[in-house]
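Below you will find the structure I want to go over with you.
Chain IDs A, B, C, D and E follow the sequence of writing; residue 1 opens each chain.
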Amino acid sequence: MQVNEYKPLIVAFCCNWCSYAGADLAGNNRLNYPADVKIIRVPCSCRVNPMFILRAFQRGADGVIICGCHPGDCHYTSGNYYTRRRMALLFSMLDFLGIERERTRLEWVSAAEGAKFAATMNDFAETVAALGENKRLEDLRCKK
Amino acid sequence: MQKVNRDVLLEKAAAMLDAGEVQAVLGWGAGEFAYDVTPRVFETSDELRADFVWNDFCGANLSKYLVSKTKKLEGKLLVFLKPCDTYSFNQLLTEHRFEREKVYAVAVPCEGMADVQKLKALAGDGISSIESTDSGFSVTTIYDDAPVEVKGADVLLEKCANCKSRKHVAYDELLGDEGEVLDSNRFDEVERIEAMTSEERFAFWQGELSRCIRCNACRDVCPACTCEKCVFDNPNSGAENKAPTTSFEEQMFHVIRAFHVAGRCTDCGECSRVCPQNIPLHLLNRKFIKDINTFYGEYQAGAEEGSRAPLVDYTLEDLEAEDVFKKEAE
Amino acid sequence: MRKCSLSKLTDLFQKINESASLYLPATDNAGGAVYTKWADGVEYLDVLNTVRSPKDFFFPQSENLMEFKLKGKNIEILDIREESEDFVIFGVRACDVKSFEVLDRVFLSEPVDSYYQNRRAHAVIISMACMRPADTCFCTAFGIDAAEPAGDVSAWKTECDLYLKANTEKGAQLLAKLSNLTEECDDSEVSPLQEKIRNIMKKLPLEGISLENFGKGKTKEYFDSPLWTELSEACLGCGTCTFVCPTCQCYDIKDFDTGSGVIRYRCWDSCMYSDFTKMAHGNSRNTQVERFRQRFMHKLVYYPENNDGLFSCVGCGRCLSKCPISMNIVKVMKALGGEKK
Amino acid sequence: MHNDSRKIADEIILRSGVNPRRCMKCGKCSGTCPAYEEMEYHPHEFVYMVESGEVEPLLNSKSLYMCLSCFACVDRCPRGVEPAKLVEAVRNAYLRQQDNKHMNADDVPAKLDDDLPQQAIVSAFRKYRK
Amino acid sequence: MQRIGVFVCWCGSNIAGTVDVQAVSEALKTEPGVVFFTNYQYMCSQAGQDIIIDAVKEHNLTGIVVCSCSPRMHEATFRKTAAAAGLNPYMVEIANIREQCSWVHKDMASGTEKAIILGKAAIAKVNLNAPLTPGESPVTKRALVIGGGIAGIQTALDIADAGFPVDIVETKPTIGGKMAQLDKTFPTLDCAACILTPKMVDVAQNDKIRIFSYSEVQEIKGFVGNFDVTIKKKARFVKEEICTGCGACVEKCPMKKIPNEFNLGMDNRRAIYIPFAQAVPKVATIDPSACNMLKNGKCGVCSKVCTAGAIDYTQKDEFINEKYGAIVVATGFNPISMDKFDEYAYNQSKDVITSLEFERLTNAAGPTQGKLLRPSDLEHPHTIVFVQCVGSRCAACAEKGKEYCSKICCMYTAKHAMLVRDKYPDTEVYVFYIDVRTPGKNFDEFYRRAVEEYGVKYIKGMVGKVTPEGNKLKVRASDLIAGKQLNIDADLVVLAVAIEPDKSARPLATMLTASMDTNDFFTEAHPKLRPVESPTAGVFLSGACQGPKDIPETVSQASAAASKVIGLLVKDKLKGNPCIASANELMCNGCSTCANVCPYGAITYIDKEFPMFDRTMQTRRVAQVNPAVCQGCGACTVACMSGAMDLRGFASSQIIAEVDAICR
């Protein structure tokens, strides 16, 4: 019973030009994904500071996903290339510290990929749900 | 242990001070004990002759002081740099943290510096004198008349035991012989931790980081941490915290600090040297260095002035974040 | 005076732990020592200094003071204080015992700090004489006798025995509980030991430190000394010295927004930090020279001024071994003329 | 059978380090090959046939031994495919199939001969060892 | 503290069907700052907007949160509404409870719960919003075109036609570029000079256009609308304004053996020269490396014969400073060097030529007056081999060739082959190809005509080796379809050499902070949607500097670039996007990390004095963001370690507030 009630909290950072539009398209096409996914709009995936990701975990998020334009399609030409390096290194570091590597993800979702957006969110929500609550990067003070 | 004698450094600095070629000298000053050496700015050759030291306890990296000290001087500042210090020197130059023209950099060969803690562990407490010998130290304590012989290799600082380079990458003048870039085993420990399971790694780091007292020594000594205002001191940054109140804040501080110096850290090892709790902080930095080398090709921060740091660079074919763990598995 | 064979030490700890949590120095597996809650398997480490001083027991690095909850647009204030449990600290060195006096004068004088007072009231301190003082020790300068440590119970350790002497009522009560494991004895074993310790103290390299030039009324003499600039030149402005110091007692009070409310907590602060005592108008000590001066003036002049000549340094030597750049109170004292003539 | 060929082809690709997929079928290798007339299968066909896993005919063709290893094709290929390396790998593949006709280290002394360059024996040993 | 109004939209049943809008507005009313809340069927309708306007006025709202459809849909609408109500338009935040909530979640309970959280996040953000005003900068109404080939000429003419002054900078003594060297143009076969030279004359006669020929761009400062450019006008030792282009000096110049660049060294010119008869400007230029007078002060013949007195041996390089609102790069291309392709014997035999050389050989104004004669013995060639893809599509090694397809070679080779067969039907013409690529209007028809009507022999295969033997060229090649190796005795071999960007492009890109790809082609702002703009604002791309192009494509891109420039120059002021980065100077380290990641070159550094606590002044290097150039991606904000760099509209504190609200 307890297991069924557990709903992971997922924060998704989406770039305004591709992934946020992809999420909108998923909506236009009525493609379902769990309501546990909450989207924050950023101009570009490169706006996502590692501190935001850690903050989300601190405040109780169980998974954080960053979505940006496909490499080569960045509205700002190169933002997602920086994101790719930053996140590759950050994720590797979190893994090094023993944080479950499945809790963080970087995906490229274009404005045309509503279906991919929904599928990605379904998959990510499922993966995070399987991991259970975030215990390793939590701040006990923020527990309700 | 050191091959170049103190007097060689002293005479060089004294001559330049006396000739007015430099206005001050940034070096190491004598302390209460043979081992407690304090970075110091000398303004006269008399001060130098009285208090300047160059011995096996000059582990402190002086390059960070250039940021503040050069601003205070009208003229040039002579600085002594060990090979590892020259990497920090270059990195600071790359980031425009001080003016090159205001510095006269004197490169000093280094045979590795000693860790007082290790020395005390072997020789015991109550040290009254330490003599450097060819192979190490002869230590006398108040508890024993006979000196204890300690091998230099056994008491090296971590950063020296895994020295990456004995080559100076920047200087105006070199005293003694130039060394070479070394094949170090500095990533062995990182690999050992990588080989653990996720649970073991978490337990390992909890064990280490829970000792943190957030004294900020690691940050404040770090030559890559020269921010006018650190995010951890800034109430508006969303990351400010003063104490490791929860395990999250311990992790937050060390992850973000390592991330901020990623690609810029020259692996000078000062963070681990100064940590009062002996947390192996260098491992976090080395993890980033190792990852950068594996993912984006070999890069040594500070090896070349003006080089583009890996995090402000990219290639179209860069590794995808999801492939990070596949790559590491290789 | 009671004595107990070292072979029965574990039994002794066991016994103490039955009635109150026992804390003692143990290895932290990283070359340091840390006060650890005793449990089966925890070995007492006869180390001179723990990295963190025992002030943590009474004045922890951070502690929650109260909580606010948001109910709609109303704020509810929650008192989250809990009564401390009884606990015993074993193996506190003479210098650290002295540090409690320094802290008490701050936290127990009016207005009393109830958080501190609560814990202080529940603690029993078993001190331990120093058999092998280190080169960084200079407690004698502050009139502390490492051979005769204060505390509720004083302890001495020889090759095979532990000697215990109660100094207070609390100490006597504790020793009474341990009567089955200890036997009454005189000080014939302890006295020569004390003699030996006192002789060692005289041979220590920092024996020459003198307090003659410090204390009350010295503010004017030192405040504008040009030496501060020189002394503070290498200071990184980190908080290591203040955090390892057993007598540093400055703290900051901060609010943490948990999302569903606010936790008001206090945590150690350091006079070395740029935002120390920062107020609406800005900072009262804006340069590192001023901050550096504050720390040492506080220890050597201001505190004695306000506390009947008691210095807020106990000569434990932690800052000497932990300062990243080896600048410390001894160097400052010597530079300001603090050596015996 | 077909699976076998594919396996051998993959082995050839692996050992040669050649990526036949890079070939854009321009024919410059065959246009440059000095031994073209002697060959049944020409350099570009080697690349094509290995890529498609059709190695049986190659293994049994004399073309293998017509290649002079002059590396003209390697030099001129605009895509860096290196056909000559592939030809050499096919030769090796053929040799590897000749199970017990190998040369053992013990066979070498008997073959030593004043007139025979030592290098020839060493290289023969290297080639026929496995 | 803000006074926030929350407006929840039903969107008919689109939102209200899965989200309890009443519950949402009720739940949000207790959020910090909220002083007004309501819900309505269609917030975006006029009636809905009126509700907002009335609420702003009635409740003195300072911030608006609309829980509705995607901000990509109606953010602009509600910003206008806010402005109409007298509020700063950037005090509006949208909670996307339609596309990202009601449409993707079926369950009313979870949909409502999520909508509330999204609403809370928007409220948390708007609490930290600040009014934003787009920055304005004036526009200098003058354009600079770098490169005077057909691309530059067309762009300049179009801009001038719209009434704006244009300057063309051309490194050669004349404009015209590569097209001036061509003979005929595919697929219509009209003569290049006939269609180009009238345009060159138009340029010369247009009073809006200035030509800086024999000149280079020395320095570029500034940004969109306000470029500050230094042009170096190289000394040509002839007074341009006086020279009549009569050519008397050229005729008398005793230095006769200077290889003629215009004819690719296949004949000679003098030390003083006019590149070709229709040159614009038609003035002579003295080649200082060849002129005896300039080298050792002996001669002076030209000065003596010049009746206009235009010769000036003392002329110096001249530097001209000019301000421009827009810059068009039209630096064009060059064939790559054949030095690394020994197999084609280009450096061994005069009869192995490039296609551009072939153009000159068949041009009536060329070294052979248009007769197709082979360079070695001026005999008529009977067998001609054309080789395609020489150095193109070459991935083997970067220093030899180019990995890309040069795009124009298939068509001009078909043209050459066709022309030869047309004029000299007795000539055997072989074309060796890998693929024939003809994706253009009337292109494939043209190529098929070459095969079907003119009998050009197209052979699928490549030439492996060309060996000069006597007066023949032994061509060894493969015929992949016949499965044969061919050995052809040719008289002339023509190589369709790959083209590359002009060498001047790289340093120019650095000056412009415009990005380039690995092949040194300029990158466009968006490969599909903004193909003629560089990511650097105010810099536009025209012609082959952006990628290989034929003439029709070049001209259309040139006109497209011109229209973009005109669109920029008609504005009196540029209004920027107010959501841009800005640096807190007190926290800035001046480390250049942000500038390194900025794709637009929007960040520069200045030394600034700051008062120190000890009452001294300290100079520090600090970052400055140019509001006209910054596009607001935020890459710099994360690169900045100290957090000195922040993004307006998407400030770190705002994003953190959203995170907190979501995770609460």
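Simple rule for what comes next: contacts are C-beta pairs under 8 Å (C-beta built on N, C-alpha and C of every residue); 3 or more make two chains touch, one makes a residue touch a chain.
These numbers were taken from a predicted model, which means no experiment stands behind them.
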Minus chain B, touching groups are one piece
Chains adjacent to chain B and to chain E under the stated definition are A, C
Ranking D-E and A-B by C-beta pairs in contact puts on top A-B
Max Cα-centre separation from chain D goes to chain C
CA centroids of chain C and chain E: separation to the nearest Å works out as 69
Distance in whole angstrom between the CA centres of chain B and chain C is 30
Per the C-alpha centroid definition, the whole-Å distance linking chain A and chain E comes out as 35
Here the gap between chain A and chain C, centre to centre from mean Cα coordinates and rounded to Å, is 47
Multi-chain touching residues of chain B, meaning two or more other chains, are 231, 237-238, 245, 311-313
Shared-interface residues of chain C (touching two or more other chains) are 256, 259-260
Multi-chain touching residues of chain A, meaning two or more other chains, are 50-51, 55, 59-60, 72, 78, 82, 86, 141-142
So the touching chain pairs work out to A-B, A-C, A-E, B-C, B-E, C-E, D-E
The residues of chain E that touch chain D in their complex are 343, 389, 391, 393-397, 401, 432, 434, 460-465, 476-480, 483, 485-486
Residue set of chain C touching chain E in the complex reads 72-73, 257, 259-260, 286-287
Per the touch rule above, chain C residues touching chain B in the complex are 28-32, 34, 48, 51-52, 61-62, 132-135, 200, 203-206, 233-234, 236-240, 242-244, 252, 254, 256, 265, 267-270, 273-275, 320-322, 324-328, 330-331, 334
Seen from chain A, its contact residues with chain E in the complex are 9, 11, 16, 20-21, 23-28, 30-35, 38-44, 46-52, 55-56, 59-61, 72, 75-79, 82, 86, 118, 142
In the complex, the residues of chain D that touch chain E are 22, 24-33, 36-37, 42, 44, 72-73, 75-80
